[in-house]
Structures are given as C-alpha cells and as structure tokens.
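Input: structures, listed below.
Two complexes follow with subunit A in common, the first pairing it with subunit B and the second with subunit C.
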Partner chain A sequence: MQDVIVAPAPQAATPEPPRRRRPLSRTAEPYGFLAPTLALMFVLMIIPVVLVVGYSFMDNVILNATPELVGVDNFVTVLTDSVFLTATGNTLFFTVGSVAAHLVIGLCFAMLLNSPLIGNIPRAIFRALYILPWLFTAAVIAVLWRMLLAPNGVINYLLSTDVEWLASPALALGTVTFINIWAGYPFFMVSLLAGLQGVPAQLHEAATVDGASAWQRFWNVTIPQLRPIIISLTLLDLIWTSQQFALIWMTTGGGPVNVTEMLSTYTYKLAFSRYEFSLASTSAVLVLLMSMVLAFFYVRHQRAGD
Partner chain B sequence: MSETRTTMERRRSRQRVGVVIGLVLGAIFAAAPVLWMLASSFKSNTEIFELPPRLITDGFSFDAYAAIFSDPEKVRFFVNSYVVSLSVTVLTLLVAIHAAYAFSRFDFAGKRPINMVIVSVQAVPPITLLIPYFGIVVALGLYNTYPGLILTYMVFTLPYAIVMMTGYLNTIPKELDEAVRMDGAGSMTALWRVLVPVSVPGIVSVGVYTFMIAWNEYLFALTLTRTQDMRTVPIGIQLLMGQHSYEWNELMAMSILGSIPVLVLFLFFQRYFISGLTSGSVKS
Partner chain C sequence: MSNEAQVRRRIVQAAGVTAATFGLLAVAGCAGGGDSGESGGDVTIEFAQWWEPELPDGEFRALMDEFEKQNPGIKVELISGPYAATKEQLFAGAASRTMPDVVGLDGAWVSDFASQGVITDLSALMEEAGYDDSELASQVQVDGSTYMIPVVNFVYPMFTNDALLADAGVKAPPKNRTEFAEAAAAVTDLGDDTSGWILPLSLETPNGIQNDVMSWTWASGGTMLADGGPDVTNDDVASTVDFVQGLWDDGVIAPGSFTMKEQDKVEEFTNGRVGMMIDSLAHINLIREANPDLEFSVSAVPAEDGYEGERGIPYASWGIGVAESSEHPEEAFKLIEFLMSQETNAELSSIAGAFPGNKTSTPDFVADDELFADAFEIYQAGYPANEFTGLPVAEQLMRLFGEQFQVLLDGGQTTEEMLDKTQAAWEAEF
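Up next, the complex of A and B:
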C-alpha cells in the first residue's frame, strides 16, 4: 500500500507570500481539529456513561420525575437475581465457546489457505468463500439459520432428525453458540493468515534442518510467532462476543426459559420490556465493568507491543 | 535415492490430497448455508420446506424479489439504511481525518490522555449506552429521526476511524506536508491538498468499514426508531419475520438484497477491506 504514496509537487500549494510563524495559533490548532471529535465524544460517550452510573444508584429513573438515591440497593437486587446469574453463566459459555472455536477454526483455515501445496487462484477463491459468513449482518444470519435449523428444515433432513434446535432447552444454548461460531471465525482467519504470511520462511527451514516434525514446527515456530496476534484477537473477540445482542435476540430472544439469556438480552428486557430502567442501568454498569477489565488487558497488551 | 524421492513425492501428494479435502470441507461449512439462502430466495414459499430438499425447484422465479420491490414499505427500509449509512460514513470520515491529522502531526498538551480515551471507549458495550441514549435522544427531540441514528452510530465508528486514520497518516512522511506549510500555506491546505490525496487508500478502508458498521447496526436502530417508515434493513428483516406467517422466500430475498452493499464493497475493495479489518485492531 505504501507504494501508492507519490509525492505531489510542492508547488501545487497556492503561491502566497510566506506568512509569519505564529506559535500561539499553532499550539491551539490541534484542538481546533479535534473539537468536533471531543464534542461528540463528550455528549455521546462521557455524559451517557456518567448518566448510566448515576441511574444505577437511583430508584426508577426516566419514568419517575424525581428519582431518589437508593445507594447500592439496585446492585443487591440484580446480583441476587437468579436470572442475572443464569445470564452471566450463559454469556460465559457462549463467549468462551465462541472465541475458542473462532481461534481453532480461524487458525485451521488460515493454515490451509497458507499451504504451499495449492495455487494462487484456488487460494483466492477459497479465501473469498471462507470470508463469506463475515459479510452478513446478524439479522440475516439469524433468519438464515432459523430456516436451516427449522424442525422440517434441511439440517434435520440431512441428519435424519427432527430436533427443535433453537426451541429445545437442552440444545438452544449450544445452537446459538454454533451459529455465532459460524458467523465470527473469518475475523480470526483473515488476521491469522496475514500473520502466517509474516512468519519468516527461514525459521521453518532451520527447524526442518534440525529435524523438527511438522507438528513440532507448528508448536515451536508458528504458534510463538503468532502469539501477539492471537492474544490481541482473543481479547477483542472476548469483548465483542460478550456484548452480542442482535443474534440472540433474533434467534431465541433469550429463551426457552432463559437458557440462552445473555447479559445483553437480560439488560434489554429489564429496560424495554419491564421498564425497570434503574435495574437495567445497574446491569449495564456491571456489563461495562466486565468489558473494562478485558479492555484493560487489551490496551496493556497493545502497549507492550509498542 | 530414487526410492526416497518417490516416497517423498508420494508423501507430498498425500499431503496435497489432505489439504484439498480440508479446503473443500471448510468451503462447505462456510458457503453452503449462503448458497441455500440464495437458492431459497428463488423458490416459492411452499417449496422452502419440501422434502426431499432441492437446491433448484420447479417454482424457480424472481417473485420474492419482485414482491419486495413493489412494496414501498420494504423499499423504504433500504432507503433508510442507505441514507443513514452513507451519512455516517461521510461525517465520520470528515471528523476522523481532522482528528487524525491533529494526532499525527501535532504535539499538544493532553494528547496522550485524549488518545487513551478514544482507544478505550471502543470497549464500552452498546447495551451500556442504550439506556442513557434513549433518554438523551428523546430529550433532544431526535427519537425516530435520521439525525438521532446518525449521531448515535458515529460514537461507534469514530474511535475506530480515528485510530486507523492516525495510523495511516503516520506512514506518510512528515516532510511532505511540512514542505507545503513552510511555503506559507495553512494547515488546512496542507491537509486537504497534500495529505488527503495521498491517503486515499487509507480513507477507503476506513470508509468501507464505517459503512459496514452502520449498515449492520441493530440494537440502536431497534430502540431509537418507532415507526415503520424509519426502520432500517436489519429491523425490516426482523419485522418481516414476525409480521406475516413466515414468507421465507421473501425473507431470503430481503436478506440477499440487504447483504448486497457489503458484498459489493468487499468485491471491489477486498484489499482495503482486509487491511482495514486487520490493521485497526491488530498490530503485527
């Protein structure tokens, strides 16, 4: 991409008489460039976060004109709600299951695509096919899999079963996790493929000369080289997957009987089905805290890479 | 000698067979559901669940697509999605280019903390912002309007766009715009006459990614709009699912139509797409 940088002739600038340097305005200038960003971030990020934290310590806000401080009552209510605990467990299962599978499938596909045994054209075709699931929005993925997984749908036909994949309490959580795995692995695959292409060939050659088997080369050369990318991707995916809402909402809506309830759907229902905006804010703050912990590790990891 | 060569060749061809089998199985996993979606959009609704399932049926037609295009209510979903996504893309790019210019070319008090905030807000969960947004958007009179959605989406697209744009500008030699400024031109001239034209690849990847985030957004579109004429495509698909007794072929046709913008962007800007995907989040 760098080769695109062709310097335009400096004389393209208007030949004005040189102005005096004004150090004062120069120091103020970057703030001018940042002003729209800062204004938007303040109104749409800082204020809402302050508000939601405030809401979580009050009795019912938004609907109540004069909300009162209730201390940590809301936190006690939410943290002892069995549905919240179920939702936390489900979110953990869904997130860890998805991320682990994204990593494994993404790495397998990336290594297949990186194989020297296939030509460039098949490689490009397969890569495009493998990226496909990533190009569809959650609403499309939800309706597509609802059709495929319907009791009289094509998957039950192929398996000779008639299972209600998304409506069975025993299977629903595993099923939505599977759908999310299908939808999300390409992000890992694309990034890991770029990483694999960056592993110096000499390292593999040296290891081969030393008599390392393919398996040993994988664990002792490939994985250590990919380690920083794998850690970044895993942390990012943990953050994103734990926040997943749309896919769950449109496949199971959290049901049947809460078996696929996630922290996101739980929070949403508290606010917009039960109009318990304070409790929803409390739950939202807890979700924020969890994301912040993950984000802390992500930023620290990125820093270490600098 | 020749014996070892043939065993090596045999091993190589065995490996190749293994790789090809792996690739084909992977392709079935990735693409078969998509193929089924496409095929189903050409079926009649009664053929969707016929047994045994067939990819192409006797009722093959474009009726489902025609049904969508002839329904102004459904066309409106697409219009809304285009208006919102294109506005978000243009505005995000404008704001992000200036912010990135400040980060890339200037030193100023507060640079590090501001940068830290912009990087870390990317991890704030949408669901956390949803409740206060609902209040704010209603209070500002932006509930169920385009500006309400556009402003909301920018808070998710901007941090990413700024981080990525800054990274791109950092790859461009400072001498380039310094030279113009030395000649007496202002910073704005240096930015728009020199930096922006050479940053087109970076701007395209940020733009493509921004468009995609806006086009796919669901949670805020669901909560911050109310009337049918303000709904975007993802919500439209969901409404179609609940409204009638499952017009599956229309659902699939709508899904295909709703995916076309992203598919087309991917087709034309594949390289930028992938670099945008990887460089924004992952350093190698």
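Up next, the complex of A and C:
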C-alpha cells in the first residue's frame, strides 16, 4: 500500500501584528517600586562594606588624616596575633557547642510539645515557659545570668557552692556557652515544632504497621521530614552565633584574661579601645569571609530546595 | 481592562513613584546632617555631654537657660546621652570632623583627640579671650597646651562599712597598708560571705586598674610614669602589685573579681557584704538611698607604712573642650567661662555631688553633709592624682595591665614577669 502523504496547502503568509512598544511609565514602574529598597541597601550595606574592605588595606584610617595603602600588612598583623587565634578557637567552640545544643534541646522540646500524650492546657503552659528565653534581649539575659551566677547568687546558694562561674578562667567559656544555649534554643524549638506539625500522620502509621519501633520511626520518618528545616536552621544559627557580641561583652568582656575572647569582642576592642580602625576593619573582613562561606552553603541549600 | 481597573492601576503607579521619590529623598537626607549655625541673628552652639542624664531632671538645662539669659544672642543646644553613647558619638564625630561645638570630655580621651587635631587648643582661646586661668584647679595638657578643663572632679576615697569593722574589732579606718591588710582579714574572718575588700577587674570596663589598683601607688606618692612614658616596673608599682597579690592570696578579696565591674562593687558594699572599697564620692547618695541603714564613712586611701608625704587621690572629671571644627569658638569659650565661674561651678558641683574645678568655689554639700565635708578635707589635704588622664589609649592601657594582672593573680606568672610584659605592651601603645 502506498503511503499517501498529505502535504499542507500553502498558506498565505499572515503578517505579524505590529509590536506595541510598552510605554516608558510601565517599563519604569517595577524599578520605581524597587528604588527605595535598592537605595537603602546601597547606602546602608554596599557602601559600608566597600569602605570597610578598603580600610583593611590602609594604615590607620580615621585617626590618620592621610591614610596610605599598605597592602596586606594588616592581614598579616591580625592573622599572626595570638589573641586573634585564641578568639577564633573560642568562637569555634562557642558556636559549634551552642548550635549543637540548640538543635538537640530544641528538637526534644518540640517533640515534647507535639506529643499527643500532653493535654492542651499543659501544652500551652509548657510552650509559654519554654519560649520565655527568646523574649529577652541580650542585655536582659546578661544581667539576669550575671546575678544568678554571682558568687553570692542564687545558683551557688541552691548548689551550696561558691563557684566563680564567670570569673574563673577554667569555667568562663563553658558558662557563656551555656547562657547562649539557654537564650537560643526556643528559636529551634518553635521552628521544629512547626515542621513536626507538618509531618503527615500516615507516614508514622505506615511505619508502625510495618513494625518500626519508636526510634526507627523517629530516625527514618521524622528526621528525614525535618531535614530541610534542620539544615536551614543550623546554617542560620551558625552565622548568628559566630557573630554574638552583646552577650559576651556584657557578661565577661572577653575575660578572664582572654578565655572568652571572641572574634566580635576582639574586633570591637581594636576599634573602640585601641582606635586601630584599619586593624578592626581587617578583622571584620576576615569575619565577613568566614560568614560568607556559611552564607554560601545556606543560599545553595535554599536554591536546591526551590 | 475596565476603567475601574485602569484607575486602580494608575493609583498604584502613582504610589510607587511617590514612594520611590520619598525613599530617595530620605536617603539623600541621611547624607546631610544638622549642624550648629545662625538663625534669626542668634548663634546656636551644640554641647554634647553625658552630664545632663546624670543630674536631677531639668537642673542642667536651667544652667544653660541662665547662660542664654546672660549672653543674649547665644543659644545652647544640649546633646545628651549616657557616657558610653557620648563617647562613641564623639569618636564618630572626630572621624567625620563633625564634632559638636562644645564637648564633654573624659581625661582618657584627650590625648587621642588632641593628636587627631579635632579638639582645639584652649590655651590659645584663653589668651584670645583674655581669660585669667589662675582660678582653675587643674588643666589637662598635651605638649604644653591645654585641651581640657576639668569642670567638676569626682574623687575616689576609701569607703568603710563601720558596723562590719566594729564587729571585726577594728576601731578606726586603716591608715597604712599593714593596718588595711589586718582589717580586711578581720572582716573576712567574720564569715557569712563577708569580705574585707572588693576589687573589680572586669576587662569590659577596666577602670578598676585606675581606681582600685593604681590608687594605692598614688596614695603613697608613687608614679607609674617616667618622663611621660610608661614605667610600671618601678618599685612603686611593684610594691602595689605585691600588696594586692598578698591580699588575694590571703583570701580577703570578694570573689568574682575577674569579671566584676564598678557597679557590682558598689552593690556588694551597699548590701553590707564588704568591709572596705575604693569608690567615687558620687555614689554616696546612691548607697544611702539603696540602704539607708548602712553605717559607713570615707577616709584617705591607706599609704605605704611609714609614708608621711602628701597623698595622691584618684579622681575622675567631667572635662570640657571645644571642637577644632567649631564655627563659633568665641561663643563656645563663653560657655566654658560661664561653667567655670565661681558661682556656676559651685552650683554645678552641688547638684553633681562633686568637687569644683574652680578653686574658689565651695559646693553647698560641704557645709550640709558630714561625709562630703570629710571627703573635702581629704581632697584639700592631698592632691588629685590620675596619671591615666591625658595618656594615649588610656582605657587600653588599663586593659593591658588588667590582663597581665589577672594572669598573675591566677598563678600564671610572677610579679616581675607581669610587670615586664605590661611595660612592653604599654611601650608598644605609646
């Protein structure tokens, strides 16, 4: 059988309708809406960041009327300063310890509040109690814990001890980390609670039918469902905690000696105690670079989620 | 698109453009700043200080109103804030050369501001104005020129809890170091969480080094400087460090020193847990209000055994200066003249609870209050001593000393090592 090919009849070319040019006002409209935000970001973020990066390559700016370029001298000075290295180590301990504890405590409390074993009224009471630390500012938290942990304070009274929690070189770093853990876990708790409430009950039911134990349900159902939230929260908390200043400054000021010196307090002292604004800018740029690494992973994770 | 939708769209467009315009104008507005100037023939001078919030409501403004009344055509705009905020504001103003005309100064900032050239040479202004400076109690100078005039002084005598001392069998406040160490031990032996002495060494606010440590050196006529440079390895400072370390080793110092601040010290004393402290006279009223039943008195900081010379008394000042960038230096100096005049200075001293910067002024409280009268007697018998005043990065010098001192007290080094390291660190800052 012969194939019959039906060719389409030639059609007269239809002229395309003339393209209407968008009026200028409509083209400019989205830029108009964006302009205030862009202008504010430029003035409040871009300019300061560029200035600080520029300062880090000059000799002492601000105090020096005619600062000159010194290349990477400031970076060499800061990176070879033993206090900077101590501050980096302390910041690492403080940040990793805080974030890990925030995650564990936040998850435990979130699961507790999500448990069907708790009635509505106790749940509301616990929720209010657990979220309390999040409502205080860093200044209030610092004053509160300084009083509680004072040698004559409530904690020592309850423990019948006279430990110098914040003034002892052996305990100070652990103590400020503990305070930061207390202050920050509610953020994880609230976010993870929202995540837990979004986990479909059918998944748990199916796992139960398949004979999974409570631990297996937690590890193979709950955690995978929460993974995107956990990664986002962890990255954000790493960025925020590594920049913690107010709490450290108001509880120990970086002491005793320099056992609680963080990158933030080190930078502050360079700027406002030694008036070495170029070295302070250098330290700030180094902190910015470290934060950018974390921010890179955060943005990449968010994009992958999208 | 319906007419209604078109109208709505136009409204949204107009709102967008308006918002954009206002946003840009607001941002542009941020770049400009208010400054002092002339309006309607009046000259307005800005006066940044931390004094107004520390005085009873309206009292400092009333003084300015009086100045404006005496000097028609000059208005004073007060820029008031807490000490720390004022400090940061002035340093930012120094960087951008936009300091207010008249500035409240702490002696610790003078060297830095003078070397930046942001505060003006008051010696020249005094000469131009034909001002007689013989009544001024002191002037803070850099390279022979005055940059700050202390308006009022807060001295730091020794406070003693008389009831605790009496319980411990100490009949009178100690006059020398041996008596002090014995009294401190006796009070500590009372138990019940009491301590003989309290020593704040916080690195956040390291002024404990100036007020509570170096005051022992100055009280015995000692010094920490030589030819304007650091000399902390001398016998005066070494003897002080050894003395304080002895008290530390004896366990007579209240716990928590390494992170303790001045306000913690005052609180502990006010609560009756400490026998003795060195503190500002400015806190007398605060202590009385917080604990009206506390029996306490003030006396001179004990000197080295056998020392009979004049005693240096640590002090802190509310100082004043004029910005180099001021367009109205004459008017600014008139304000300084007014504040340093016998009558105004006495009035300001009275409301501040401080001692006057004008030698001929006598504050009211000296006649009305026994404790202040005692302190005034100590003040007149000795001399104001604060070698940190006028030094470069004074606060950092205190912090460097404090860091090494903490290592020493923690058993990490000897006195000699501590002083050598401090000397090296200070020399690097000078």
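Quick notes on this one:
In this section, the second predicted complex is superposed on the first by the 283 of 306 C-alpha atoms of A that agree within 3 Å, B and C clash if a C-alpha of one lies under 4 Å from a C-alpha of the other, contacts with A are read in each partner's own complex, and residues count from 1 in each chain.
Definition applied: a contact is a pair of C-beta atoms (placed from the backbone, for glycine too) under 8 Å apart; a residue touches a chain by one contact, two chains touch by 3 or more.
Small disclaimer: the values here were computed from a predicted structure and weren't measured.
By the touch criterion defined above, A:L85 lies against neither subunit B nor subunit C after alignment on the C-alpha atoms of chain A.
Using the contact criterion defined above for the overlaid structures, shared-chain residue A:L40 touches subunit B and also reaches subunit C. By the touch criterion stated above, A:V104 is placed in contact with neither subunit B nor subunit C.
Using the contact criterion defined above for the overlaid structures, shared-chain residue A:I62 touches subunit B and also reaches subunit C. Residue contacts after overlaying the shared chain place A:V72 against neither subunit B nor subunit C. When the two complexes are overlaid on their common chain A, residue A:A150 makes contact with subunit B and with subunit C alike. Contacts of A:F272 after superposition: both subunit B and subunit C are touched. Using the contact criterion defined above for the overlaid structures, shared-chain residue A:E29 touches subunit B and also reaches subunit C. When subunit A is checked against subunit B and against subunit C, the one touching more of its residues turns out to be B.
When the two complexes are overlaid on their common chain A, residue A:M250 makes contact with subunit B and with subunit C alike. Applying the stated touch rule to the two superposed structures, the overlap between the subunit B and subunit C interfaces on subunit A comprises residues 29, 33, 36-37, 40, 43, 62, 146, 150, 152, 249-250, 272, 277. Residues of subunit A that touch subunit B in their complex: 1-2, 4-8, 10, 12-19, 27, 29-31, 33-34, 36-38, 40-41, 43-45, 47-49, 51-52, 55, 62, 108-109, 112-113, 115, 117-118, 122, 126, 128-133, 135-140, 142-148, 150, 152-154, 157, 182, 186-187, 190-191, 194-195, 198, 228-229, 232-233, 236, 239, 242-243, 245-246, 249-250, 263-264, 267-268, 271-272, 277, 280-281, 284-285, 287-288, 291-292, 294-295, 298-299, 302, 305. Of all residues in subunit A, those touching subunit C in their complex are 25, 29, 32-33, 35-37, 39-40, 43, 62-63, 65, 146, 150-152, 162, 164, 166-169, 172, 249-258, 269, 272-275, 277.
Against subunit A, the residues of subunit B that register as touching in their complex are 12, 15-16, 19-20, 22-23, 26-27, 29-31, 33-34, 36-37, 40, 48-49, 51-53, 95-96, 98-99, 101-102, 106, 108, 111, 114, 116-136, 151-152, 154-155, 158, 162, 171-173, 176, 179-180, 182-185, 187, 189-190, 193-194, 197-198, 200-201, 215-216, 218-219, 222-223, 233-235, 237-238, 241, 248, 251-252, 255, 258-259, 262-263, 266, 270-271, 274-275, 277-278, 281-284. The touching residues of subunit C, counted against subunit A in their complex, run 13, 16-17, 19-20, 22-24, 26-27, 30, 88, 91, 94-95, 112, 115-117, 193, 201-205, 254-260, 264, 268, 273, 393, 395-396, 399, 402-403, 406-407, 410, 412, 429.
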